[in-house]
């Protein structure tokens, strides 16, 4: 009987954003189906629904015609579905064999672990994965690439009917990628359903049979891999009527002198990067996840230690030991992960906005609460943050509003920000709020602030920035002005070794 | 915000439930105590007097708990400071204020040891402070006093310990109330206080927003050591000798009072007023038990149950708050995490 | 479900409060009628010493018939819950009917500051008298607080002395230094019956101590001084200070076993333990090392040993102890306090005949008698008889 | 490696010969024995390094052994014992070794239960007072003439119930483990003193000789209670290392999300760990009562801190997820011989207090460096890939 997996009218919303909007996809066994689309297109939400992490608001998942709704990851594993996420869930202090057979430890009589059996079976899988690793090695001591292979082995060992890969090859070397593809081939022959999510065009065309393209939470189209080409795929992925979201931006055209110059910067994750930022310029940084863009900005911001190279702010060489020093010299960073690095969720909007300017707000001994309240009020009105009072906990805000609170913090009246670094500012935000943020970026630029925009959304970087730098594994692989930059060129540069 | 809004928020808040519990205890013991002596002026002063040392320890520990750490060493540091004080004053050569300064510096020293263990060596704060307290500080107090309780006869210190303003309110009570008032305002009104809440809520976000959680942690541990030493000095002033059991057993009740007062573990929230009310409830309760001539063994049982009740109330209120705001899936992770 | 638990705990607490309020000795709950005009303690011209009639353990009745006056409220207050303190409390309760008093128990569980607070609390409650263990580490302050209350009090166990060593509070207790000396003396007089003649050069002294406690320290010094007098030049002296551990058997066991096992050249051992818990630990250590025939243990206090003897213990090492029946403390203290409360005696006239030269008031020293397995029963019976409990 | 091996052998052999010679004749005891020890070690290392030079698998085996936490602990233990032995030769006698084990059985039994909890990511500070209560309860039961086996079972069941209570508060109501167990411990403290009126309850040797023998008989160099501790260590070692339940304890402590993904219910596992800790704590109380012939409301109260010290010394990570029973065993012996050694060498009592504190802090810092070196190795691995 042919295996089928159907997503029927799936929709899922989070506060402020419609992640999936009535998506129906059908995938047949014995084929590798790719899920393509920009960040925030809804790919990972779809996988999380398959794995039982999220429960869909509407629609259902049908496996081999049978309707299944998973309320916990364990249920989906039991229904022979394995999803391999990017953030690995491994037991670092335990051995390879225990990790691979984590939910199915072989028991001999009265509960004892049948170690020899376990070791034999693990060795079998290791051989098929061609890994230079022994079953009793401690996972924590292995390289990231090997750890990723062990995560994949876990799914392979379960012999699930449906296996989904989410960006599996990011940390792998070419040799391991080749091994992985051979295994996927074997799984295909055994009629398994395989979902494959990746940004790497080369891989898509190498192993997938058909491609499902998602955009802004909706199904765009599906292709037979053999029938399509890269250009057509990219156009489908990003072919948004660019007109409305970006055309409407009142751009800043007064670009002044050099504001920030970074020369031969080397840190643990960056090797020898140099770039300049001019006053009023929006400098876009494109690249895949893990290209080192966040690490670069954290180094400039003084959050991570710099090994060598120097940073010139308005011509003067600076060496920030802590974020506080960077902030005092006018640099602001909106971190990539709003919840864990951006906001103090248990405190109010007012607290989060006034955080960096507390010294300026305290008269003699005490905090000037009136000044603080007016500061918060002006930020709330400037960014149209939807909230009844400034006392509302940031915990209770939508993604878009949370991002605005952070923007409000760095551009409040008491901050004389010279450089504003935005790391994935529109991640997980609905399209409407995105347009507002793009306009704000250019308003900041027109006030003479140098803006650095890091984004994995191709169209956003291309259309919002004045100048684009493309990075891959810690190095700059290309510099394009707005006019000469095209999606294909940027994708190519972001995948080039 | 209109009055009704403020009132509604106040009712739901922690302070209101503490006030209710306090009233409950006062009425209960007022009724049962022989000739209603529970509310007599002398008894109220006695209750405040019994809270003096606890207030100092609670203030020291509460700031650390808000900032996400915990400190079980102030009690032991107090004993060490008291013993050092008595040893310094024994000869009569060292003036009292020099001795006080030395003891406070010593308290800060122990606090900094705690800070280094927690920040530099990533040791969990409760086992690090327990080790520094039960061994280093206690060992130090034996060594400095040669194992005997040195009597203190310095006039100023004995005055400090026994003098009563208007022959009713002891000086030490005024000192302790002043300290909780000062630290309460620091916590709620100054930027340092705001920093404690912010670093307690999310240490990395605070760092990326220009605060310095590491410096704050060092400051708070040093302050906790200093307040512990100050409590030790007041203890010695009151009993006029460097007793070697001293304030060792005070760390646990101080943490109890802080949690009772609504300062949640893992930092981020809770006020000093709540901490004061928590202390008032516990001490009034113990005082009441003594007046009703309850055997002290039962008091041990009751104080253990009191803490469990505090934890239960904290659990119920956090659950109610959670249900209101966080989407279900995030809450499921938070609870299991 | 969780709300149910909160209610459960609250109920448990309320129950524990009410349960203990009811079973606390003496009817605590009913409000006591207005306190009488303050008892005339020692005013005026009392010269005759009512305590002259005290029998050998110090029990006496002043000429006021106890049943003719109201029941006095007496607080028995001490620092740490030790077996001796508990027994003294029970002994005081036994004397309640004879002397028509109501005993209120209080222990500060090691917190000296609370001890002082609670003197004030009880004073405010209008109690009539205190029998209190005045911890030597804070004796000045405690005495001052007691004097402020104006309520008569008797010191128990620890004597209270001013700078030049004069006893300044009437009390009943044990001379720690003397107890230490008597124990070593007894070992010296009786070791031959257990061991016969031995090479005294190869005799060792294992001397327990808990230095922060003044009373235990006195017992340690007494035992040491007597041993040095009896065996001049003998250097096999090992002190075992339990301060690094606790006041429990395990600490006694660890210290004794370490010292006994690592000094093989010492053949015989005297162990005049300052504290019963350490003696019991040492006894177990000796048994585990199989050295019962080479070690003699004695201690101050007979609560644990007498209970062990009652249940049939006949160990060869732990052979004797200073017999202490709680009545030896309770009887003289309560009688003296009753006399003070009745106004028939003043702190100055109590036991004036037994006053040590130079002392302001008499500290009544309990007679110290070493008892063994076969003499402890009739010792206790004698004490009970003398306390009028037959 | 070859040259080093040869040098070691050249040094080792003469030292061994001279040592043995002086031992038999001149009898300067400590010097000759030190020479013998040095000789043996040098010779052994020399032979090993020469062999490993040639055969690859021997070198890998050596590196595997040396890399383990337990190896460094054994070396530390050997050094400490050697130092104390140099100060007082009677430190290593049959009697004193037996003392070390006798002082170690309470701490050891608590360390086993404590270590299991730590590995599972929780902690229980009420073990001390549970043990004390157990001692009091069994003394009272025996006093009523109940046969010692039934009394033993009833007391162990009491321990299990205290474990359930802790589990209910920590798992059911999400209390912070160390605070809620402290509160429970204060309740037991008060109850015990109420039940016993703060008295010791004697266990008569006439009525229960067998029970008291439990505490005092010796099996070779091991006193029976410590022998029981060793058996428990072996049993728990096997359970933790090679049973399904055991591996799940590590999973729950190491990464509870990964464990949940594997269908394991962390709360069920930790509840079992709390019950196990309660039972072991009451076993410690029972053995103490047997050893001391009485149940006392002041026994064992401080020993749970010693138990955790021993576990941490033994390499159990305080954040959970790693540690072995072999490590805990070495930690127990190390801590007990350290404390015994301090007494034997006559170090002042006050300095002993500070010394045991420094030992605990050193263990915690060692734990940090051990954990840190693993993270550094991991980062280096990522850098190479």
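Annotations for the structure displayed:
We just call them A, B, C and D in the order they show up, numbering each chain from 1.
The working rule: contacts are C-beta pairs under 8 Å (C-beta built on N, C-alpha and C of every residue); 3 or more make two chains touch, one makes a residue touch a chain.
The structure displayed is predicted, hence computed values, not measured ones.
Touching chain A and chain B at once are the following chains: D.
Shared contact partners of chain C and chain D, listed by label: B. Taking A-D and B-D together, the pair of chains sharing more C-beta contacts is B-D. Using the average of C-alpha coordinates as each chain's centre, A ends up farthest from chain C. Averaging C-alpha coordinates per chain places the centre of chain A 74 Å away from that of chain C. Once the centre of each chain is set as its mean CA position, chain A and chain D turn out to be 46 Å apart.
Put simply, the C-alpha centre of chain B and that of chain C have 35 angstrom between them.
Each of the following residues of chain B touches two or more other chains: 142, 147, 295, 297-298, 300-302, 305, 308, 312, 315. Contacts with at least two other chains are made by residues 173, 193, 198, 257, 260, 349-350, 353, 356 of chain D.
Here, these are the chain pairs in contact: A-B, A-D, B-C, B-D, C-D.
Residue ranges of chain A in contact with chain D, taken from their complex: 73-74, 77-78, 89-94, 98, 102-103, 105, 107, 111-113, 115, 140-145, 171, 173, 268. Of all the residues in chain B, the ones that touch chain C in their complex are 32, 34-35, 37, 40, 42-43, 46, 49-50, 53, 142, 147-149, 151, 161-162, 235, 238-245, 247-250, 287, 289-298, 300-302, 305-306, 308-309, 312-313, 315-316, 319. Residues of chain B touching chain A in their complex: 1, 185, 189-191, 194-195, 197-198, 201-202, 204-212, 268-269, 325-327, 329.
By the touch criterion stated above, chain D contacts chain B in their complex at residues 169, 173-176, 178-180, 182-191, 193-194, 198, 256-257, 260, 266, 305, 308, 312, 318-319, 349-351, 353-354, 356-358, 360-361, 364-365, 367-368, 371-372.
The touching residues of chain C, when paired with chain B in their complex, are 2-3, 5-6, 9-10, 12-13, 16-17, 19-21, 24, 26, 28-29, 31-32, 34, 81, 104-114, 116-118, 120-121, 124-126, 135-138, 140-142, 144, 211-212, 214, 217, 241, 243.
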